[in-house]
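Structure first, commentary second.
Labels A, B, C, D, E and F are assigned to the chains in the order they are written; within every chain, residues are numbered from 1.
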Amino acid sequence: MSTRRLGEMTTVEAAAAVVDSPVVLLPAGAFEQHGPGLPLATDLIRAEAVCDRVAEALGGTAVVGPSLPVGVSPHHLAFAGTISLTTTTFATLVREYVDGLYRHGWRRICVVTGHGGNDATLATVAQDLLAARPDLQFAWSPLTTLAADVVAAAGPPEVSGHSGQAETAQMLAVAPHLVHTDRLAAGTTRLAELDAFGALARRRGGPRLTAPYDRLSGNGVLGDPRRADPEHGEAIVAAIVDRITDFVTAWLRA
Amino acid sequence: MSTRRLGEMTTVEAAAAVVDSPVVLLPAGAFEQHGPGLPLATDLIRAEAVCDRVAEALGGTAVVGPSLPVGVSPHHLAFAGTISLTTTTFATLVREYVDGLYRHGWRRICVVTGHGGNDATLATVAQDLLAARPDLQFAWSPLTTLAADVVAAAGPPEVSGHSGQAETAQMLAVAPHLVHTDRLAAGTTRLAELDAFGALARRRGGPRLTAPYDRLSGNGVLGDPRRADPEHGEAIVAAIVDRITDFVTAWLRA
Amino acid sequence: MSTRRLGEMTTVEAAAAVVDSPVVLLPAGAFEQHGPGLPLATDLIRAEAVCDRVAEALGGTAVVGPSLPVGVSPHHLAFAGTISLTTTTFATLVREYVDGLYRHGWRRICVVTGHGGNDATLATVAQDLLAARPDLQFAWSPLTTLAADVVAAAGPPEVSGHSGQAETAQMLAVAPHLVHTDRLAAGTTRLAELDAFGALARRRGGPRLTAPYDRLSGNGVLGDPRRADPEHGEAIVAAIVDRITDFVTAWLRA
Amino acid sequence: MSTRRLGEMTTVEAAAAVVDSPVVLLPAGAFEQHGPGLPLATDLIRAEAVCDRVAEALGGTAVVGPSLPVGVSPHHLAFAGTISLTTTTFATLVREYVDGLYRHGWRRICVVTGHGGNDATLATVAQDLLAARPDLQFAWSPLTTLAADVVAAAGPPEVSGHSGQAETAQMLAVAPHLVHTDRLAAGTTRLAELDAFGALARRRGGPRLTAPYDRLSGNGVLGDPRRADPEHGEAIVAAIVDRITDFVTAWLRA
Amino acid sequence: MSTRRLGEMTTVEAAAAVVDSPVVLLPAGAFEQHGPGLPLATDLIRAEAVCDRVAEALGGTAVVGPSLPVGVSPHHLAFAGTISLTTTTFATLVREYVDGLYRHGWRRICVVTGHGGNDATLATVAQDLLAARPDLQFAWSPLTTLAADVVAAAGPPEVSGHSGQAETAQMLAVAPHLVHTDRLAAGTTRLAELDAFGALARRRGGPRLTAPYDRLSGNGVLGDPRRADPEHGEAIVAAIVDRITDFVTAWLRA
Amino acid sequence: MSTRRLGEMTTVEAAAAVVDSPVVLLPAGAFEQHGPGLPLATDLIRAEAVCDRVAEALGGTAVVGPSLPVGVSPHHLAFAGTISLTTTTFATLVREYVDGLYRHGWRRICVVTGHGGNDATLATVAQDLLAARPDLQFAWSPLTTLAADVVAAAGPPEVSGHSGQAETAQMLAVAPHLVHTDRLAAGTTRLAELDAFGALARRRGGPRLTAPYDRLSGNGVLGDPRRADPEHGEAIVAAIVDRITDFVTAWLRA
């Protein structure tokens, strides 16, 4: 069976893919701290894994384009190793990937981001493309929030999220060799652990306040990754893959 | 009683406000179609009204800075009169307003946007400011979604939103002289009226697809503005004002 | 009688205005110190008042588009409350307003600026548009200098200008409730009060040197606003309105 | 006697000039049509000649820095050979020349422009530098308008200016070998020759409208260059040199 | 033994690496046609393989940072699948990777590029960093040209290079599963096959002319990849690794 | 005989040149230290001289366009008088010169740079133009390296280059009045004089490391300019002129 990754195809295969595989998935990650137990590339690893599975599930109507290994992570810069693009640069990068694919004939492109910090920028790219390339359809997708129900089923603590149970579980499902289970440590798990500023930044339903993660958690973790297990991770990943696959299937018929 | 609008203050009063009013609210709008019954400036009008009320409710701890009359509206460009900034320009504009206020000593700035199309760009500004001005606290707030419960209480149709009941009601509450009640007309109210692409763009919980409004509604309206009444509008506005006021109050203590 | 403000029109009315009102006036202000007696928004207030009157005088052949509330004011940044855009951002903003109007069919656009600090940037926009949009006619107009004869008739002091007699008089004519007549105070009125650098910056007919206003005046005022009266202000405004109206009338025939 | 041109100095001499010659003059030109008798580089040639004379007259307190051979000339692009920078690029170029000189210690820099089309951009650079480099003094100077009295004394026709009598006379004074006196031809000399649009663009005292030169003159000339003579040109150049020299002398004392 | 890839490290390990591994290697590729037998990602694959080996050879004094999967490839855009960044975007991307690493304390960063089309942009980044970050040492390295002697030993045809024998051999050494040996086909191998423009673009020692690859080769290949064998590829890779390792060793002592 | 310099032509002559002289040569220099004996403008002076001679040799098929007097020289900024453009600005400048010439009909443009620090940026411009203006042919040429054989024939010392024998000789050939032969002084001539970092930066065949010149030479000179003589300079210049002339001749036939 042939690859679904465009980067592994020859130009001759790519020319055929423009016709046979009208959707391109672009995996986007972050290069940022994920606490003491997960690697810096966690978000890209999950995004690539999801893209590969979605392309597989679609049976050839989509290909996986080049990755975006670094994303928008200014809130993690206090933690060693984090690299962050400005939102302008990340947007430009997505735009130029899109421009290249557009030139060869693709008109449906979906960025799959493993990192929530990329969401806002991707939404701005979608807006600018409406005016700049009206005949292109640009979509983007987060990962974990697509499986909110599966995540919630595990009964996460009051504060949970970055590098917590759900994200660690996904890594145990897709890249277990990169998880240091012996070093996993709980981060902030209760609102009462946050100072007033941090609590305000975590409030839902009101004005938005963005906090750097060093204000939210001493080790960069929200929630308790020690509770993660690979079966739950597999369930989360499977749900994400299903929902993106459903979306693309509907998209191809629209 | 003195004004809460910085633009109506002298420079001498502004110097005092830096000390006495540590929060600046910046009203952001859009210059875009709002169907056959509402004016192009609807979003700015609502944002300014909310800012004035919040500043009043806070009793002097916040001032209202200069407005951003034009926002990010590429999805409405097919409708006459719509002007849209690129996301880069809107972001730069917010940044330079912030830079000016920062220079005079303000460290808490909140953009209040009447237009959801500005949300993504405001979120990117918040991210870039984390790295560029770590000692600044930048917040932003939407309007209608803060009062989602009050909006839902009116039992909106299956499809509802832009220029629909809730937005029209707010205008009846804050600027009734600019609402042409005789021309209000229902737009798209049921998912079945949308084509497959439009339906996909309105789906919640999956990948995001941004659709131009001329794909979603013939007259630019989602929902039925004829059902709007000023009392409901007043309830929505009051809820928004309360929730932003609460946020700022907590912020000042954080 | 219907409004001349595009922001108060619906999209349906805007579509008609493209045909019936081929000229768009864009009011531009500044958000800057105007001494101890005038508000920060003085320049926008005057520009909007002039635009409204011009549109009225033209009887429907022009509409007033969205405002530019903040302009280019680096020379006033030492005074509290001043916000300044870089010239690049102000130019981009004007360009994107113009692009939107152009898209809907307008080909004659005139920015009316209450702030002289915007003049140079507006002139650069005009130049760049010559190459970028050859079928667009872009004009811009200052305010007070159009009525230089009326201003001179009042016998201003040797040094006069920003926040002085003529500007204060205009505010007494168009927004008297925002003028603190009890706090008006003379600023620099004689060349001899300036240091050598300030005097050089005020010299006419030679090389141009731009001075920050804190080098020119302790309270930010040039001239004596206490001499202002509303009748003179009305005469200045009327002259400005007449001359812009004459220009637009000729333009529509050109 | 040593050179006043920085480009002809060694780095050792430049180090001494930072101390001994605190003013740098930067000649700016245009690369644009000057009618059938004058060369494309006319404006740079005049600016360099003036700078050399000013530096000479100042006796060593100023040096002449690198030239800016191409300026802002979109209004001449319909005529062969014209090259125009966008206003943004011209501004950036000036800024980077200034940044380099600043780095070595210079704090007084004056651009001398032979081309009026550069004026607006130079004024924006001056504004942006106020905020960006508060301890730098940046000036700029036109040429011909400094000698308006000398120009007027020759009794120019109703329409006069670009490539007309005064400019041609200057070229006869400073670079007569580049003037094709046999090909000089009158351009537009009376307002009645202009169409309504052109006439409006030439109106003084009202709103500003920028016209491309092909709307103003068939051969690119305003006025009658055949009336030019080198003595008048010398008088104009001498007046310009005197006035810039006076300005710099005062500047050095300020 | 622990990983040398920063992306596989936790933030805690990254903090240690700043101290223990003062050099960061950044692999840069291209996403471009490599003829009928090699994949689009060929250049990144080779660059990553070399970086891994160099880091291994250095025994812990260097780590491998995030990849740059897409490079500057406008000359290949006529071939399906090629994506190219503008030189400005590629430069900005490198700069922001560098900025992030710098922030955490790294001062020696080397981009290892598998794609010669990135060389010029990397050289401009190096220049701009001299002025912007004088205490940073930025290096960059090509691959194949470091082993020019090993390449030459195989007696390549008159025209050879992109996707030819040496590049294919390297892929056979580092990623044989991605080489379609059955589809490898000779491209242009003799100067006589080029048209006059193509021949001029390939001339050495004179002015540089950049040709799109569709002017140089029908299948995008220069040389004959069928002659490639894995042993030669291994010799080339080993030479490259040795020479970069030697360089870094000397750098750490400088 | 008429001039080959476009700047000395009228617009009427330029219109003819588009047809008769299909190649435009653009001389690029630097404004940077050249040791104690050569002027800051050395690179521009040599580039202009070469362009004039090439245009002459071509007998009218090429014209010389406007100069680029300042280039990319961050490595020389520690020496007084050096002005450096960022690579982005230099690239934009070249692009806008090219855009202007393109507009008038020229399709073959060659930048001739006297300064090696401009090479990388020119190569990036060439790449971006491939995508942006596919019907334009853009070339660029260095000077001294075209005559490497003639330079080598003089037996230069182990370290040689900037402001050394070959460059000084060229200046003695084309602008002897600007060479201070009495002040010429040897700079670094042996690798052993360099520290480990400088030696690494001068290594050939491995990774590239860019060093500021104050790390390489106390007086900014590499090599020994005292050995220069005008005959050798003339031979170098003649070789450069011949090779560019040959290239253009071939280009015109391609």
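Definition applied: contacts are C-beta pairs under 8 Å (C-beta built on N, C-alpha and C of every residue); 3 or more make two chains touch, one makes a residue touch a chain.
Because the structure is predicted, anything quoted here is derived from the model rather than measured.
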| item | value |
| --- | --- |
| Centre-of-Cα separation between chain F and chain D, whole angstrom | 28 |
| Intercentroid distance (Cα basis), chain E paired with chain C, Å | 56 |
| Where chain A touches two or more other chains, by residue | 77, 84, 86 |
| Topology of the chain contact graph, where touching chains are joined (line, ring, star, complete, other) | ring |
| Sequence of touching chains round the ring, chain E onward through chain F | E, F, D, C, B, A |
| Interfacial residue positions of chain C with respect to chain B in the complex | 6-15, 17-18, 31, 33-41, 44, 65-67, 69-70, 77, 79-86, 89, 92-93, 96-97, 100-101, 103-104, 178, 180, 183, 220 |
| Parts of chain C lying in touch with chain D, wherever the complex brings them together | 72, 74-75, 77, 84, 86-88, 91, 110, 112, 117, 119-124, 126-128, 130-131, 134, 137-141, 145-146, 148, 195-197, 199-200, 203, 205-210, 212, 243-244, 246-247, 250-251, 253-254 |
